[in-house]
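The structure under discussion is supplied below as structure tokens; questions concerning it will follow.
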Amino acid sequence: MAVRAAVAGASGYAGGELLRLLLTHPGVEIGALTGNSNAGQRLGALQPHLLPLADRVLEPTTPEALAGHDVVFLALPHGQSAAVAEQLGDEVLVIDMGADFRLEDAADWEAFYGSPHAGTWPYGLPELPGGRAALEGSKRVAVPGCYPTAVSLALFPAYAAGLAEAEAVVVAASGTSGAGKSPKPHLLGSEVMGSMAPYGVGGGHRHTPEMIQNLSAAAGERVTVSFTPTLAPMPRGILATCSAKAKPGVTAESVRAAYEKAYADEPFVRLLPEGQWPATASVYGSNAVQVQVAHDTAAGRIVVISAIDNLTKGTAGGAVQSMNIALGLDETTGLSTIGVAP
Amino acid sequence: MAVRAAVAGASGYAGGELLRLLLTHPGVEIGALTGNSNAGQRLGALQPHLLPLADRVLEPTTPEALAGHDVVFLALPHGQSAAVAEQLGDEVLVIDMGADFRLEDAADWEAFYGSPHAGTWPYGLPELPGGRAALEGSKRVAVPGCYPTAVSLALFPAYAAGLAEAEAVVVAASGTSGAGKSPKPHLLGSEVMGSMAPYGVGGGHRHTPEMIQNLSAAAGERVTVSFTPTLAPMPRGILATCSAKAKPGVTAESVRAAYEKAYADEPFVRLLPEGQWPATASVYGSNAVQVQVAHDTAAGRIVVISAIDNLTKGTAGGAVQSMNIALGLDETTGLSTIGVAP
Amino acid sequence: MAVRAAVAGASGYAGGELLRLLLTHPGVEIGALTGNSNAGQRLGALQPHLLPLADRVLEPTTPEALAGHDVVFLALPHGQSAAVAEQLGDEVLVIDMGADFRLEDAADWEAFYGSPHAGTWPYGLPELPGGRAALEGSKRVAVPGCYPTAVSLALFPAYAAGLAEAEAVVVAASGTSGAGKSPKPHLLGSEVMGSMAPYGVGGGHRHTPEMIQNLSAAAGERVTVSFTPTLAPMPRGILATCSAKAKPGVTAESVRAAYEKAYADEPFVRLLPEGQWPATASVYGSNAVQVQVAHDTAAGRIVVISAIDNLTKGTAGGAVQSMNIALGLDETTGLSTIGVAP
Amino acid sequence: MAVRAAVAGASGYAGGELLRLLLTHPGVEIGALTGNSNAGQRLGALQPHLLPLADRVLEPTTPEALAGHDVVFLALPHGQSAAVAEQLGDEVLVIDMGADFRLEDAADWEAFYGSPHAGTWPYGLPELPGGRAALEGSKRVAVPGCYPTAVSLALFPAYAAGLAEAEAVVVAASGTSGAGKSPKPHLLGSEVMGSMAPYGVGGGHRHTPEMIQNLSAAAGERVTVSFTPTLAPMPRGILATCSAKAKPGVTAESVRAAYEKAYADEPFVRLLPEGQWPATASVYGSNAVQVQVAHDTAAGRIVVISAIDNLTKGTAGGAVQSMNIALGLDETTGLSTIGVAP
């Protein structure tokens, strides 16, 4: 018997990707689809790639529209999820794809988002230590940010195994869909094609405290993260290049062993064979994570690179994976490790 | 009980896309994977997006490797399929994704391919008049070329309904995967990004006689096709812009009615609502075909535009669709109309 | 002694490209730069590639700002040029990069633009028959549209030589800069990368009557044009694939001879050697036009393909070329036939 | 009186970019153009964007072909320059765009290139301390690698000013032209479009010792560099994200002051206004370098980002700049700070 799922914010990129996945999920029936400025429009005009839903019409995001569902996904702008979630009742599984409930530290939230902290929900990255247990049976899930997903999966095994000093340096390239569907001049195709450009340099990106939270938990000490995001000329994908100084005695073998152990049984994370490096094209449209490690002995650093699809594992696929766990379904249901390439 | 399928030519783009589809086809078990120059290599190195098959090793393309399967897909260079097919026996379903068995006219074959004609197999475009019947129960299928798929589906309803003069003009843009995985200077990323360029102009492209064959059959008279293919800076997709002079008395309404009728019950072809135009991104990775029509009264022409994914509906998806029909499975098994976008 | 040039609309793509060219034009001194919504901003923030002008600040587009110049370029939205031009005086050379003064037929203007016709100025395509003479000494120039530039140069020699029937079919692919810098959802990088899509299909594109005007003048009879523009995933460039039925007796040799004759002495148009085809990358950032012809005997059509940079020869380069002629300078001053590739 | 310049290796990307620049250099006459596998071909077929040179034919790279020139540019594969240079005589200015003469330490050369060290020539990065003096009047120039150009200009001011600890971390994204024109599967457009992928991770890239050489010289102590290059889906451009731990007492103001001082009088390096970040599109086809700095106080790191065009400032433009200095011409002759954008 399928659960009935509503999607609030069905016209954006996160909502569209979620619907793409839910359409082939054997345990889900797609219920209400809501939007705000786009309410009343056919989904076929807004998400022309979702042919089976072309004739569905968006409703306004109201408690009435969202009532009567087993699962409600919130793909709303930051700061709007709490008010909607409150009206849904405790027995409904609410999965927030926004940032509102990710951070544990209210001061961090207020410093980076500038509004009162709404609270903290179980965090939807099951691969982290204790991650699955936190999600089982939960009625609330905070889906991680796309960059924190890529970076935490790249670096937490090194920290959990005590291999890395507590100062990480991360440079990540993201496809443009990570910046959303709201039209802004710097996101025009004419601007992004042929160009690489950074933003939020110097510690200002809102995903930074979330990375610090995850890596510090794994390390058992406060980890700093120097994070530089860059916008790459591609629609999807995140390539995260992460490094930290190796602790004394660390070897290439001990690094690799830590990652082999961490990911031996993970259905979505693949430590690549030595000599092969991640590429975002290989995980295009899939929930897979490609990871590879190196030990740069001359520079004394552990270098870890991960590739994800920012919309799938980085947002909507991660949301479905968490839903599966929360509902007691097989974690991989409706999700794929097969990329669409070339 | 799943049929067992072998893929000869598993390292190329067509073979890779086929495996992507077969991996999620509930009625197929993937058997032997063969290659020539790549025999002995792990598939993970050649098709890194197909994670579930990463540890499979390519065998050489021999009769022994291909024996013992219910279905054999041939994704081989032109001219090599006949020799392989002969050795497979009449009870095996052989699906040729190359050109060898597409053309009915031996003189056309020899003029465009320069070698003796190997024969003609049932043609794998079920949407054409009589197309399904030809495939049901067949043990041999010639999968159409990618351009002829897009162009035939765009224009045959106009010819079948007697609306268009027998002189078609087609300009099509293809993603670079249509040119294959063999490295050539003009296919380098540095060359193709930021560039549109034609090739095979003036009637020389090998897909031209195949289009003429399909449209002439629909029209009941010889149709000429002026075909210009262009290479577009994208990995996948074909956008075909097709037109023909309207016959006297044709109206926008009669054109639309012909297409509504032709595609009312087709699971993969979608005539878009008026005002919406096809885009290759909308069918990325899917077996869907988007079609839209216009009647340019000032120029006196019917203009039809279709968008497909050249690797899916244009090659591997079309092959699976035909396999389903030949085997008596539901035609849509293992195929999707949901694109991966943005 | 340099002429002093003002640019109204310096923040857009046409204005930016014009400034890029004027910066290296030895006979021009750059004067006032104006904008409307962007007035008061540094050019460095709006056009970060124009480093030498980074500290210039945009003024509002007023008669005062534009006064005191020898040349005024108008890169304004359609319909705004007439009012500005009137205030500039008859002795100032005014070069309109918008559509307002291109069309001779007021009815065409009104049908396609929906406003009263402002008039007709000398047309800035010197390669057309009589084109140079119309510009010499003129104080007003209407710069052609980007598509009409590519299409007219592709087809007028065939019409001028009486080789082609009066029904042309044109499919053109344009880079996204042709759609301007105003942010709209369908122009987002996430939407355009990886996608080809048509627009204005069926005769509705505003550049259609301009093509008809040019080709009809060359042919000496009314030529119809079936025009389909498509948006390609690249920032710049137009590839126009143009064809028309060959008149009786036409041969490949007579077609080539007509183009050789038409372009023997043209500094910016290059008929490529046989066997080589135009590519937009080859004219990136240059004022060059690449042209190639074919005679498809099976289809009975002359096929001509041209490649231009829509912002250079298609807009700002064409404007500078016309300015040179109008001012009596060498036509090629400040313009290049060297593309930036790869 | 123009100097006469030969280009050995005129068919590749570096050679093509050099010719693009030399064509508009007022002090240079282009002499012999040579190639090896492409000898005998028209340049128009190999470099179709260089229309003015289309009818030039490549000669084989022999001493006879290169004799009689004032300047010889070598754009040859690694290891081939020494033999050619020896035959040219001491009075000829030889500018090597390959790696052969960049490194001072023979052991570094042998470790990274696996062949005997050919020697060390004056290093063509005039912006480095003492850089110009080393080039004035020199008859030999080693043009820096593209990555070391971007990285050295990003970081040397911090090291020269004593602001940064001697452990740098660099992640750089390069356009595909940096990988050359020789066709390889992973450089196909189908593979690179839509994908970001690293290579040479962990200290193995050959440009690493060159960066260390430059930064150590500026710092006055041995600097380690953790360098990760990535291939980005664009033809040109390098975006280098560089960071190092700030020394005690460093402030945002002291960092900015060091860069303002370093680049106050540099014609090609632009420290952007605060709040504006480099983008590779802004320097497309230009010799400009965009630099911006940040002080991440939470992570305790100085972050510096630079953008160059890998083929221009990173290769051919740097070569021309050095030639100008060596010949006593104005350093900026024939070079531009104006990018081709969008």
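Labels for the chains are A, B, C and D, by order of writing; each one numbers its residues from 1.
Methods note: contacts are C-beta pairs under 8 Å (C-beta built on N, C-alpha and C of every residue); 3 or more make two chains touch, one makes a residue touch a chain.
Please read these numbers as outputs of a predicted model, since none were measured by experiment.
Remark: among chain pairs A-B and B-C, B-C carries the greater number of C-beta contacts.
When the contact pairs of C-D are set against those of A-D, A-C or A-B, over half line up by residue number only for A-B. We define each chain's centre as the mean of its Cα atoms; on that basis chain B and chain D are separated by 45 Å. Chain centres here are Cα means. That of chain B falls 37 Å from that of chain C.
Residue positions 13, 175, 177, 181, 188, 190-191, 193-194, 233-236, 279, 281-282, 284, 342 of chain D are each in touch with at least two other chains. On the chain A side of its complex with chain C, the touching residues are 13, 175-177, 179, 181, 183-185, 187-194, 233-235. By the touch criterion given at the top, residues 167, 169, 171, 173, 175, 188, 190-191, 193-199, 201-203, 208, 224-228, 230, 232-237, 239, 241, 243, 245, 277-282, 284, 292, 294-301, 303, 305, 307, 342 of chain C touch chain B in their complex. Only residues 13, 16, 20, 23-24, 42, 44-45, 47-52, 54, 177, 181, 193-194, 235-236, 270, 273, 276, 279, 281-286, 288, 290, 336-342 of chain B touch chain A when the two sit together in their complex.
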